[in-house]
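Listed below are the structures to be examined.
Shared between the two complexes below is chain A, which has chain B as its partner in the first and chain C in the second.
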Partner chain A sequence: MSHVHEASGSAANRVKTLVGALEDAHVLTERELDASIEAFLSRAQPANGGRIVARAWVDPEFRRRLLADGNAAVAELGIDLAHWAPVKLRVVANEPGRHNLIVCTLCSCYPLALLGPSPAWYKSNAYRSRAVRDPRGVLAEFGTQLGDDVEITVWDSTAEVRYLVLPQRPAGTKRATEDALAALVTRNGLIGTALV
Partner chain B sequence: MSRIHDMGGLHGFGPLEIESDEPAFHHEWEARVFAINRFLLRAGWYTLDEFRDALEQMPPAEYLEASYYERWLFALESLIRRKGVLDVPGR
Partner chain C sequence: MFQVGDRVRTRLMNPAGHTRLPVYLRGRVGRIEYLLGTLPFSDQRAAGVRSAKEAAYTVRFSTRDVWGADGDAHGSVCADLFESYLEASE
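For the complex of A and B:
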């Protein structure tokens, strides 16, 4: 343990030292670390979020179940939510006159398994501090303008509860297949910083 | 009393920096930090709540100076020490 020096040297060197120490202690190997990150990156994809939304757009019963119990509905699609700890998923629906936005003011909680790795802005001090105070200003920086008559609800994530926005189905997509609908769903649309 | 991590509503952090390419990690060491944390959490060395608490123990001035994954590295080093991860012969 003596070779873990806190806050000394560059982060890259500290990590190198840490991995070496963990290997020496037979806690893990570099190969296991590489496998762990690959497993995460291959499974955690915004396409998962897109599939969920598209199903909710075409199947009103699924939509009802999704809004009532996000975990159970997502499990129906065979998507594993747990990435490193069990979390409760709450899906919040955009409707005419009502928009939802997700933030984690305390850190960076985020439905990784459904959206893929979070972007740097989501974890930034600016987003965390401002999303709850000035959501319209934040949305404007994403080029998203909502009318004054649209009420915005901001959901602050925790380690236990993760949120996902169910965007409104775009106009003119009546004939689109479920797969085509899923492809319309963007990661930012699922966070609420964009419309779909 | 709120600590510095409780950022909701704070003023003065300026506009967002929205990257066009949005890489998951900006340096190789960041991916390593992420992987170590994922590995140790899944192996049961500590819980997500303990990790969050360790992040929040970072002194405020350092917290504001640090990048996101530098904060994680601080929490990792602190938990590895406190939990005696390196003391126990593994497997």
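For the complex of A and C:
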């Protein structure tokens, strides 16, 4: 899942060869493989991330629980992370003067359940190597200009933990409904390459 | 066992097999940020010990301590590291 690398042409060939070998050895069929991938992805949607953030914006107690124990808090919204893999979810909050950015320098670990499949750039060598070395420069290339005094924390997902950024609630949304707030939340906002 | 706030140094290591200690964080000093409990220990699992587990910690490193003067002045990198990657530091 989390080991998709560049040079996708050769990776695709390797996958094809591997699937062929598994079929020949009667370990699985391509049909079974497709079914399990479909089941894996069926409930993995970026809308999950939006719902979590919107709830945290309107409910300070939920926000506190979310930052303390991500898995338990998202389970309250009916999202069972164990459906995908037994990972620990940690949610990190942007605050005035503090920004968070998520990367996986070793491969491409990503909170797939909450954001859907990851974008190609997240898996690129360029993003993975530069996010930890020059996060401010990388953010600027995404069109996200942070003041020099803003502290940036980069979270490198090196073990069985998945990170999600809790963006700051945008100004002028005091009267917005929870659903309207959820619709404002973008995938890049949850990775930290954009503000919301 | 380390506690939140403890200063730790990552080991200088270059194992032949799988490891989750990134090269850019080897031999660096940081602080324990968060206790992750016991997690599946990837290094040994990759070597075939499927039940291997180990205590893990989120460790925060100042960007300057990782990249020197070329690092961002106001930043840090946090990584999730297994206990055997770490030793206590002054």
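In this text, the second predicted complex is superposed on the first by the 175 of 196 C-alpha atoms of A that agree within 3 Å, B and C clash if a C-alpha of one lies under 4 Å from a C-alpha of the other, contacts with A are read in each partner's own complex, and residues count from 1 in each chain.
Operating definition for what follows: a contact is a pair of C-beta atoms (placed from the backbone, for glycine too) under 8 Å apart; a residue touches a chain by one contact, two chains touch by 3 or more.
As the structure is a prediction and not an experimental result, all values here were calculated from the model.
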item: First, second, both or neither for A:133, with chain B first and chain C second; value: both
item: Which superposed partner A:106 touches (first chain B, second chain C, both, neither); value: both
item: Touching partner for A:161 - first (chain B), second (chain C), both, neither; value: second
item: Chain B versus chain C as contact partner of A:123, first or second or both or neither; value: first
item: First, second, both or neither for A:61, with chain B first and chain C second; value: neither
item: Dominant toucher of chain A (residue count), chain B or chain C; value: B
item: Partner chain(s) touched by A:141 [first = chain B, second = chain C, both, neither]; value: first
item: Which superposed partner A:151 touches (first chain B, second chain C, both, neither); value: second
item: Intersection of chain A interface sets (partners chain B, chain C); value: 105-106, 132-133, 156, 159
item: Touching residues (chain side chain B, partner chain A) in the complex; value: 5-19, 22, 24-29, 31-43, 47-49, 52, 55-56, 62, 64, 68-70, 73-74, 76-78, 80-81, 84-91
item: List of chain A residues in touch with chain B within their complex; value: 1, 4, 6-7, 11-12, 14-16, 18-19, 21-22, 24-28, 32-34, 36-37, 40-41, 83-85, 103, 105-108, 116-117, 119-121, 123-133, 138, 141-142, 156, 159
item: Footprint of chain C on chain A - complex, ascending; value: 88, 90, 105-106, 132-136, 148-161
item: Touching residues on chain C, where the partner in the complex is chain A; value: 20-22, 24-25, 34, 36-37, 39-40, 42, 56, 58, 60, 66-67, 70-82
